[in-house]
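Both of the next two complexes hold chain A, though its partner changes from chain B to chain C.
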Partner chain A sequence: MPEVKLERVTKRYGKVTAVDRLDLVVHDGEILTLLGPSGCGKTTTLRCIAGFIVPDEGRIFLGEEEVTRLPPEQRDIGFVFQNYALWPHMTVFQNLAFGLQLRRTPKEEIRERVREVLSLVRLSGMEDRYPRQLSGGQQQRVALARALVLRPRVLLLDEPLSNLDAKLREEMRFEIRELQRQLGITAIYVTHDQAEALVLSDRIAVLNEGRLVQLGTPEEIYQRPANRFVAGFIGLSSFIEARVVEVEVETAVLETEDGIRLRVPRNALAEGQAVTLAVRPEHVEVLEGSPADPENAFRVEVIRAAYLGDSIDCRLRLGKWELRTQLPPGRVPPPGEALWIRLPREKLILIPA
Partner chain B sequence: MFLLLPAVAFILVMYLYPFALSIIRSFTDETGGLSLANYYKAVSLYGRDILFSIQVAILGTLISTALSLALASYIRLSESRVARIINSLSRLGIFLPYVVVAQMMRSFLAPHGLLNVLLANMGLVDIDTPLQLFNIRGLTFGFLWKETPFITFIVLSGLQVIDDTYIEAARSVGAKTRHVILRILLPMIKPTIAIAVVLTFCTIVSTFTLPYMIVAGNPTTVTVDIAHRVTYFGDYRVASALGVFLYLIVGVMAVYYLRRTVREEVYGY
Partner chain C sequence: MGIKWRRALLEGLLLCFIFFVIFGPISSLVIWSIAIRWYWPHVLPQEIGLAYWKQALGLQRDWAIAAVSIWGAFGTSMLVALVSTALVMTMAIPAGYALARFRVPLKALILLLFLMPKAFPQQPIFVNLLPTFTKWGLAGTVQGVILIHILVCLIFGVWITTSAFKAIPQELEEAARSVGATRWRTFWRVLLPLAAPGLLVSTVFVFITSLTEFTGTFFIGLPFVTTLPMLLYSSSGYNMQFASVIAIVLLIPSLLFMVLIQRVFRPEYMGGIAG
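Moving on, here comes the complex of A and B:
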């Protein structure tokens, strides 16, 4: 399977730049997710790769071949649509066989390949059903099978799970991941759902306003977000603005404008530098009473708490800042109750302001 | 029940009564007795015209449908300005009454009308022996001129409901434009096409003005014969028998249409 390469790809709609000088390489056999909020340019990028739209600038390569202006029917790609786009007048078999018929594949081979791919997506025996006779999950599988039956060079998936209910969506994430690994196919997956991206991807490309904001493995993106946007978009984060007031050998001290002092790893911080601290809910340690070790320990006030079954979602007030955390199930603390917490210095995410 | 009465009464008086009356009249002779004489007379005098009417209707429907499908598909798939202009222009014909179209066709198709002059200028026709078009050819042409925009309009409405992703899905598996049209788009709107075909067929069969003004002499259509029978002979019985033939021709298509509508598959795209 070839790698996919985008070189300074730009697409404009009137005055709006949907994709802005995007450079990206998708490695052979990996699944890369384009992740971002609505209007960030992720679907436009995918459609450029598919050939449904031609970029205004830049070049697209599938392997060694430049395909920037090649029509979609000549690109040898498989595309799975958000609404599945199964042709309603054709049975499952006909939907899958259509592309093979266009390639003049012998009838016997068509039957064999359709049978094979249907068994791969666990839909054996559904050949004669019409799309309207299938559930949403089954339709989604047929759409995937239709893309895979042609053994395309690259598989493109445009929010394929967003029409499914939450439970099915969760199951299908693993199935798609498993299929992609099994077939070793290069895949590009578009979603706005960060959980989906974290589960599915070898690497994630986070887009915002048409630009690539960060590219990395799910762990890198979650643990070391490049900026406040990524920290806020991937997972939950609370933010604290501060300035470096002391730099020591291994640590540095930050102070917020309302006088809260936090010790953090020194990294490359310089005195006087402004930084944003991102605090993940799971990194807020709730202490039993007043702590012996005062480092990064604070008395906070509960703003509000909500019972979620397996945890309690809690918003806390620290000076002028709001922190979010999850408490183990049990008593729901009332608003105004005081708690002691610690923000362990090695868990704090430092983002240069 | 009482609320339905006005509507039911209206239908009974305005539609069913005249319809039933014309059928009864077609089976009645001068003495008021039951008879098939009107039918014998209708077939012997106008048998050729009945066939002519069916012939024109089939020819006009088939050609205008084929043209419309091509035109609507082009407009649906093309993003060019030309396609948008064609789309707007093609709708003009829908709103012109048949009598105006007939008037236009009389000067356009005349032996020394615009069409013959154009063809002569292109060297395709000798202007001294121009094409004679006040016959089935000219009549069919007139129907095509009027009905093609109508079918295009209906078919295009169906095509525009289809989401682009169905087309893109076809392209992504290797379909060229002709495959997209013939294997995806048109089959997806089969019920819409069927309705357009039936409506056009019925319109052509029942139109009076165009054949009346275009066709010189015989054969002509049944609608003209009915008017002739009533106007010149005051013969409502033979006219009614001819009317029954029209009902039968249209009825076959109407039954097909109703069955199609009832059974219409809702694809939900």
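Moving on, here comes the complex of A and C:
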């Protein structure tokens, strides 16, 4: 059953269309990430679902109920803000109890539920602290607890980790994922961080300029990006533009402007068609010396290489194209050195231009 | 002695120091208020006594002492100041909230409008207002004086209140809405407590401004409404003793407010708002 459904939701600010006819269905119990660069409309979308913003057009459903114009307090949502937004004049307990008090929950039950949710976010015994006495990570856990204690129908998270330092951020990703799965709560998570999206999500909705660009599981998004934007935004990609020059039974041959020929799976390619090849760093195979099998093997030149500890980040020149790859740790090749590489045909990502 | 006591002692001493820095220069007022005879070139009065204080507080009537009971003027001043402050704040709090939060058309113009009575010399404004007040039957009445005080004080009320509300991040409000609080309840439970220090400052400003207001009261209130500043101005110059007594009486509310603010400004309110 769909928990959240958006139908052609549109929101404009003056001449700028922040969200453009967005259709989206979030299933019961899944965590869906809205991913995109800043200004892509992901936060606006989330705020529309929360009710902080009323869309100009389109409809929003929570379960069976249309909530497009319902004020936020009647929506049964939990919202976690980027800057935590804990009430500084209330203790942790008061912050968590506020929503329950509004629902006229008996005192004993409030105490019990606050205790329960605090142990869930590993902050037991912090009831009487004020937010300013907590670290950033603890504050964000309280904010999460405040949303969870009400057992909302949908949990909405707006870049909740981006104010935390890198190490804590990585830990919290797993923690949020674990909590969401444990509680079976439907969640929508907004982020611009593709690594976060890949770790956290059941499905990812990639947005760009207010439009839904691709919707799929993390594997689908990473392995079969729908267009050049997605390929470039999620994971690293190097791009090569080419044209189909030959179509055979199982394979096709592409040729670039500068005469580089590549063999790829045939798929639905037609002769003369323009395509973009996206090459992931891990798909570049570095060969020992000149190869026996010449298919998709090229002599390239090192542009520059950087030592990263566990690997060597390397930029290579192939004709007029630049490829990025990671070499295993060892000798850092100097600029100008020649290498042999292979681009295995089954791993190349083909994007119709 | 516990740490609490030592802390209280330290705070007391600090407060005394601040009082001295602020009120030290005004100590000549105290000396003047108890001087019966004080002629040049004496550094201190030749004869001191509480005659002016007694007379001003209505404890004695002596025709040789040039002072009258201040209680009537004190009552009028308090009434005018309290009513003006209450009315100004009931207008300023919603207005400040609206100006801080909603897209009010011509916002800058409205804020500028409140500034107007302060941006021009006051005398021409009040002189110009007098015929209107006379026409409405407000000249020479307490109601008229209250109205003119509201006009003068509204700027402090609205400007400070607006910035107090503006300083509260929007998300704190949205968080309250998201857990089920209506706009009204959010205002009472989240906004008002967080804006309290700013609102208190604004209230104090308004109250003191009203208490010491002279020009408007002079033009609109004369000759029937006498407030403490009016009494003060009419006796200053030739009667320093009586003027000093009134000046000290006017200082008392400020002192009380300092103590009040010191008690109300708790770190809970201040910390974390920016976070």
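The rule we apply is simple: the second predicted complex is superposed on the first by the 351 of 353 C-alpha atoms of A that agree within 3 Å, B and C clash if a C-alpha of one lies under 4 Å from a C-alpha of the other, contacts with A are read in each partner's own complex, and residues count from 1 in each chain.
By definition in this document, a contact is a pair of C-beta atoms (placed from the backbone, for glycine too) under 8 Å apart; a residue touches a chain by one contact, two chains touch by 3 or more.
Model, not experiment: these values are computed from the prediction.
Student: Based on the shared chain A superposition, would you classify chain B and chain C as clashing or fitting together?
Tutor: By the criteria stated at the top, chain C and chain B clash after superposition.
Student: Tell me which partner A:I77 touches in the superposition: chain B (first), chain C (second), both or neither.
Tutor: After superposition on chain A, A:I77 lies in contact with both partners, chain B and chain C.
Student: In the superposed arrangement, does A:H89 touch chain B (first), chain C (second), both or neither?
Tutor: both
Student: Could you tell me if A:Q139 is touching chain B, chain C, both of them or neither one (first, second, both, neither)?
Tutor: In the superposition, A:Q139 contacts chain C only.
Student: Counting only touches as set out at the top, which of chain B and chain C does A:R104 meet: first, second, both, neither?
Tutor: Neither partner.
Student: For A:K15, using the defined touch cut-off, is the partner it touches chain B, chain C, both, or neither? Pick first, second, both or neither.
Tutor: After superposing on A, A:K15 lies clear of both chain B and chain C.
Student: Please work out whether A:K167 is in contact with chain B alone, chain C alone, both, or neither, and reply first, second, both or neither.
Tutor: neither
Student: Between chain B and chain C, whom does A:F52 touch in the aligned arrangement: first, second, both, or neither?
Tutor: It touches chain B and chain C both.
Student: Just to be sure I follow: which residues of chain A are touched by chain B in one complex and then by chain C in the other one?
Tutor: Correct list for chain A: 50-52, 71-73, 77-79, 81, 83, 85-89, 98-99, 102-103, 132, 146-147, 150.
Student: Hey, which residues of chain C end up touching chain A in the complex?
Tutor: 169, 171-172, 174-183, 185, 189-190, 193-194, 268-269, 271-273, 275
Student: How about chain B: which of its residues touch chain A in the complex?
Tutor: By the definition above, chain B touches chain A via 163, 165-166, 168-176, 179, 183-184, 187-188, 190, 265, 267-269.
Student: Please name which positions on chain A make contact with chain B in the complex.
Tutor: Listed in rising order, the residues are 50-52, 71-73, 77-79, 81-83, 85-89, 98-99, 102-103, 132, 146-147, 150.
Student: Can you name the residues of chain A that touch chain C in the complex?
Tutor: Those in contact with chain C are residues 50-52, 71-74, 77-79, 81, 83-89, 98-99, 102-103, 130-132, 139, 143, 146-147, 150.
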